[in-house]
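You will see two complexes here that share chain A, one where it goes with chain B and one where it goes with chain C.
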Partner chain A sequence: MKKGKVYSLSLVMLLMMALFLAACGADDGDTSTADPSTDSSATNTESDTTDNSSSSTPQVLVFGRGADSVSLDPGTVTDGESFKVTQNLFETLLNFGEQDTTINPGLAKEWEVSEDGLTYTFQLQEGVTFHDGTDFNAEAVIKNVNRWKGGKEEDFYYFNSMFKAEGEDIIKDVTAEGDHTVVFTLSRPQAPFLKNLAMSPFGIASPTAFEAAGDSFGDQPVGTGPFKFVDWKRNDSITIEKFAEYWQEGLPKLDKVIFRSIPDNSARLNELMAGSIDLADGINPSDGKTVEGNSELQLIERPSMNIGYLGLTNTRAPFDNKLVRQAVNYAIDKQAIVDAFFEGRAEVAANPMPSSISGYNDAISPYPYDPEKAKALLAEAGYDGKEIELWAMPVPRPYMPDGAKVAEVIQKNLEDVGIPSKIVTFEWATYLEKAKNGEADAFMLGWTGDNGDADNFIYTLLDKDNIGSNNYAYYSNDEVHELLIKAQSETDENVRNDLYKKAQEIIHEDAPWVPLAHSTPLLAAKAGVQDFKPHPTGSDKLTNVSMK
Partner chain B sequence: MSEIIRNQVRQIEVEEKVKGPWQEAWTSFKKSKSALVGSAIVIFFVLIAVFGPFIAPQGINEQNLSMRLQPPSAEFWFGTDDLGRDIFSRILHGARISLTVGLTAVLISAVAGSFLGIIAGYYGRWIDTIISRIFDILLAFPSILLAIAIVSILGPSLQNALIAIAVINIPNFGRLIRSRVLSIKEEEYIHAAKAIGMRNTRILWKHILPNSMTPVIVQGTLAIATAIIEAAALGFLGLGAEAPQPEWGKMLADARMFLLNAPWALIFPGLAIMLTVIGFNLMGDGLRDALDPKMKN
Partner chain C sequence: MLHYIGKRLLHLIPVLLGMTFLVFLIIRAIPGDPAQVILGQQATADAIAALRLKLGLDNPWYVQYFDYLKGIFTGNLGDSLRTRQPIASEIWPYLAATFELALFAMIIAVIIGVNAGIISAWFQNSWFDYMAMIIALIGVSMPIFWLGLMEQWAFSIQLGWLPTSGREEVRDPVTAITHFYLIDTLLHGRFDQFVDVIKHLILPGIALATIPTAIIARMTRASMLEVMRSDFVRTARAKGQKMFVVVYKHALKNALIPVLTVVGLQTGMLLGGAILTETIFSWPGIGRYIYEAIGFRDYPVIQSGILIVAFLFVMINLIVDILYTVIDSRIKYN
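Coming up: the complex of A and B.
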């Protein structure tokens, strides 16, 4: 009797422990989804009633995404998750095309550029009001621009990075000519000026509101957008609702949008399948087939405008040697990575920007996978075989669905040519901070374009001006710098493209990175979600979206 | 079998009635079937740990991205994982990691725990108070939480996971020994030793330590099982073994994303953990029954 008891008891205990281990794993995603599940069921019933509705029931869209916003003051933030919300609360003077980065009217209905490229005159829309009732006019635009200009660099990061060059303000002056005409005077011509103005950070905010709110404007945003801010539960959800006095008749079609943060990609998809959210971004490429096979869901592809890369910190041994950097480029089997982890929804990258962007140099092809060549280069460089740290991002990104796994492949590729490496990872914010400080040997990272301009990739990511900000690789080449600065003020498109093509050649030769892939990020929605057009920049306007 | 017993019997007869305590224990241990099964499993995994790497058909990091998540087949006995690596080979290699971590961690904690426990129990007073309070503090935390905290401070690696597991197990051994010592030191033979002027160190080494070893052996065997699970849990949470080490817990964690498409990537490492732990637990239970004089038939 005693033995039998011991037997079965230990068996039961062990099975329980096995279950416990397995349950631990699910926890990753579940902890975050467990708490909101109570109120998600409430929203769920709400959206369910919408499904089989007459037009009188409110249309509520629940948007599941990977992380919470940092702040809802678009001028002060840099993260995509903040823009995803502010894009619907605020409007910019100019808009991008529905699914591209062409320039279209926004709060400005017409604009003119002077011959010398230094004066831009905008005619503003009339009859537009902010959510708080303040009128939108030339005065409001000027107050916004002066707010950005007057702030410190760390307060208005994007303004300083887009509208400042070599320490000098590009927007010299903004003046009003009557109530609905604004004139921007520039200190030097800037080719991507209009594209820059269309970026989400430059959403026009209500001057009354930001003057009254000061630093807390990010918690109570007021814009002119189709939706107004209602409620923000940190790390859980942000609710926005239809702005009844929106200046475009009949829009928006939705009554309410709830942005819910669900960090784990598979947990988010599970919630979509369970029906507690209507739209989910960050779908794993490996789950694409599951979604396509489900008749109640639709798979949506976001037009690609990104780059995932392995940065090689150019100031740290052994990557201070160009030959070693080239060797790493030869050593990594990029095609195998794309095939295995992106399920074919990506192309192997050759340059630091995707081919859809004008100025892309298609004469350059990626370094081929050639371990022998890599070994020869390493021998030539006199590489000492010292172990390097290989940094893998801890979170799935649109340009890199599974950083840790891809890192293991890269680790093996490097080992095959004789570079031993240790995979290192940190919490995401720490990871970025440390990489920015140049503490990594080799690190995985990526970038999603903000405005579809070559400047926003090559200058932002690889110019020496941006060391300590987005130039994580600490790449510095004066010739490239000269080309890029020249290209910024060159207004002739062809000349400008040639400058970028030349810069890409030098960068290819210097190999500050291993460009890995340009991916097509995936989203999934319930079949009833209509007219959702994901934007390549990652910030989607929900103005035209409706639910069946 | 009967012959062995007969030999045994004869041997015992030859050595007259001096049936030592170890021999007695072995006789009683043999009687327990579950203990024998447990020992067999343990021996099996020890053999794998020693010889596994030599018989493994592939290396631990032979990736083949075109053969990802292949089901078990003649070529890949246990299938392949998401990087196209042979799971069978990785499990064979993993046995060495898990057993090494389990044995080493328990050895460290048993030695450290016994040392502290004996001192606390024998000298008593303020030494006892200090050591016992430290044990209480350590025991106040759920052990896995404490392990996670230690690894977070030291940085995730297999070695640090081992240290963490060793540390969290120290108080278990310490308290066990301390209570044992407390009762032993009141025994007459200890008083006698003191009376004839034997020095404390000699009493500790020659009399107290050997007499308090049995519970440590039992606790040690059972602790190995726990240590293996703790190592797997840390590996699962990304705080133990680093890529590409084929640690079983880490293999589980890597495979859970593919639970529905490729269950084999999860099942085999899970089974390996379960079997090893069952083995040590059964063996530990058998040892306890055999060594505990109160359980004698």
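Coming up: the complex of A and C.
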């Protein structure tokens, strides 16, 4: 009896072994191409495959990225990985430019602004339908806006942060004038109003679908975009396919897009080199050369819209003294950091926002690297030589690819001018929480812009209103505050830019941070991927992409 | 026997209760506010306060704890704070993914580990013995991160034999029924996909199996050496039995108890502790699910995830204890 057990066990093991070996030896021929024959319940029934690029290359793009989406209801999410997908399922009334944040027609083909800046009239595209067949019209827009307005603040976070000021709704009212005209009435002028509307969170969803789905709309999203939702395997892949009735003739060019979550940067590059994905986000600057040296791959640069900085908590000694903050700005060799850790794919920062943004003050140049000047300033400030804590970012971000190593350089720079420091780090959520509470002396952090507006950088990061939120440096200057508040409702572009330029001058003098770099995030793709244009906001439209 | 199993299952209750309590306290002791993490860096103080209220995070900790316990006893594992989905429905695909990989890895580990251990003991101090034990030493000290990337480089990029990562060929996805893809593909009659799923299992399976293989090999060797010196082995040899039969039939059975213990412990470890492998190989498993939940301070997911992993760990050990009686009839539980 027991003998039998042992033998049957070894038999099973032997069989498993044989299977294992058989699998190793099997060739790819029979597995890699889609086989629609046997299984009727499979989700990939592609009946509407119209080949538009005479070639026979399958128009399927596999996009590898660092993390999964949280939800596919754009109104309710805040993470970039969700927007990366919803950007292709939904469309906004206005679009950003292909690779910038200028305003272009979207679901609205024309618009007019009243002279007082309080009334916006949009003419909508006609003949547009949602993926579920619902008509896109003025009523659909109104229902979407009312959904955002009526929802709780924590549910529709972006709407509340962009279209609410001091507890008051900026969008007072939305009305229809006929089927394809909507009028937005504002309670106060808002300079970046059109830019805000172009942001991914404000993709227009099918009212029929969200009314029926309720809270689960994020699992079954329905928009007007070039692609429609097919399947989601959490933490693994999201599949979307061409929407055959898309209103723009001949688009999209791809039949299917699959977003795969591949958390490790090196593993993602391995996948690309092995050929199982076509496009990879989040390439380390240090891997840029490997990609460039491979003739089967192409390196793609995402236009920069970020800032990496060293924050100096303005309320803590010794950084409560402006002279010490300026000294640190002179002490740090920013160019050396950019050369060594961004592989030169970054620009040394002078201001809290990148130069592509309207209102950038190009009369300001970065504090030069000048240790002697730094020492003199420290002496003048009467700095006591007490050790400070230097916080190193624990996670790589496009604006800071390697926090630990950059911290070591900064530590050395500071030591050279006589500021001893100790490098500390925490798990990311802890790091942010403690920094927000003002517990750091000097800390690394950064920001990627949402809508390409100066307000989204300077007010968000450095206004006294945002202390305890994004103003981690606890910088507070009433003059700056006044300029920034005025700029928010100033609709004359030139006047507004002057306000921001003035604010940047004061900030440069006050030196609440050491602005380090504006980096260029990298992506890599197979050579056959055509017309992929990464967007500075990180939400890429794949409408025009094709495979050769 | 049934009595024994019943008693062991009763013992589970205080163990799991104690564990939920510890986990509950520890994750709340670490700084970081879930509401803040969910809403992101951009969030306003008002939005955070509103969300905290909605999530019940402002209640005293003991109220939160008893709410949580009440949920568990009524079969409700809670909702994820981040995705707002019920954990009970969300967790199964992750568990299945981890199970499939862990079992695959343990089969590799047992086949290679046990045989390497036996042969090393049989030919003690031979070149095979030395080599096997050196390799085992390398195996236990191998950083999985590095091993995984090297595997990808060699077998996927250079040789092109195996897929780099993931569970399936995404261009031809498996339609999930049980979420065990080896079973699902067979249910659909897609043998080509079945082979593809096996191919996807091999590299992460080997990476995950490395440490257990080495530990099992060392344990088997040590245990076999001891048994081989005992009288009954000498008697069997003296009777003229073939060495192969003596080793694999008489000695192995007696040497198997400690090996089985190690196998049980290692299986439990693989279920909960495969985060590195799951990250390198983009495996959508339970380890990564819980790990990411920690980053997002998704308290219910951390609690319920760890609870389930702990439950499985204890169950596996129970199964191992029962298996003792199958292998050695002298062991009886009363």
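Throughout what follows, the second predicted complex is superposed on the first by the 434 of 548 C-alpha atoms of A that agree within 3 Å, B and C clash if a C-alpha of one lies under 4 Å from a C-alpha of the other, contacts with A are read in each partner's own complex, and residues count from 1 in each chain.
FYI, a contact is a pair of C-beta atoms (placed from the backbone, for glycine too) under 8 Å apart; a residue touches a chain by one contact, two chains touch by 3 or more.
In this text the structure is predicted, and so the values were computed from the model without any measurement.
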Winner by number of chain A residues touched, once chain B and chain C are compared: C
Partner chain in contact with A:Ser161 - chain B first, chain C second, else both or neither: second
First (chain B), second (chain C), both or neither touched by A:Arg234: second
Chain B versus chain C as contact partner of A:Ala267, first or second or both or neither: second
Which of chain B and chain C A:Asp79 touches, first, second, both or neither: second
Partner chain(s) touched by A:Asp450 [first = chain B, second = chain C, both, neither]: second
Touching partner for A:Asp215 - first (chain B), second (chain C), both, neither: second
Touched partner set for A:Ala379, first chain B, second chain C, both or neither: neither
First, second, both or neither for A:Ala336, with chain B first and chain C second: first
First (chain B), second (chain C), both or neither touched by A:Ile506: neither
Residues of chain A that lie at the interface with chain B and also at the interface with chain C: 3, 6, 13, 17, 22, 24, 26, 266
Complex contact set, residues of chain C against chain A: 30-33, 35-48, 50-51, 54, 82-85, 90, 93-94, 107-108, 110-111, 148-149, 152-153, 156-157, 160-167, 169-173, 175-176, 188-190, 192-193, 195-196, 198-199, 202, 249, 253, 279-282, 284, 288-289, 292, 295-297, 326
Of all residues in chain B, those that touch chain A in their complex: 32-34, 61, 63, 65-66, 68, 82-83, 229, 232-233, 236-238, 242-244, 249, 252-254, 256-257, 266, 270, 273-274, 277-278, 281-282, 285, 289
Residues of chain A touching chain C in the complex: 3, 5-6, 13, 16-17, 19-20, 22-24, 26, 30-35, 38-39, 41-44, 58, 60, 62, 67, 70-71, 78-79, 152-154, 157-158, 160-161, 215, 218-219, 231, 233-237, 239, 258, 260-264, 266-267, 270-271, 273-274, 276, 427-430, 432-434, 436, 447, 450, 460, 468-470
Complex contact set, residues of chain A against chain B: 2-3, 6-7, 10-11, 13-15, 17-18, 21-22, 24-26, 266, 286, 333, 336-337, 339-340, 404-405, 407-409, 411-412, 415, 422-423, 425
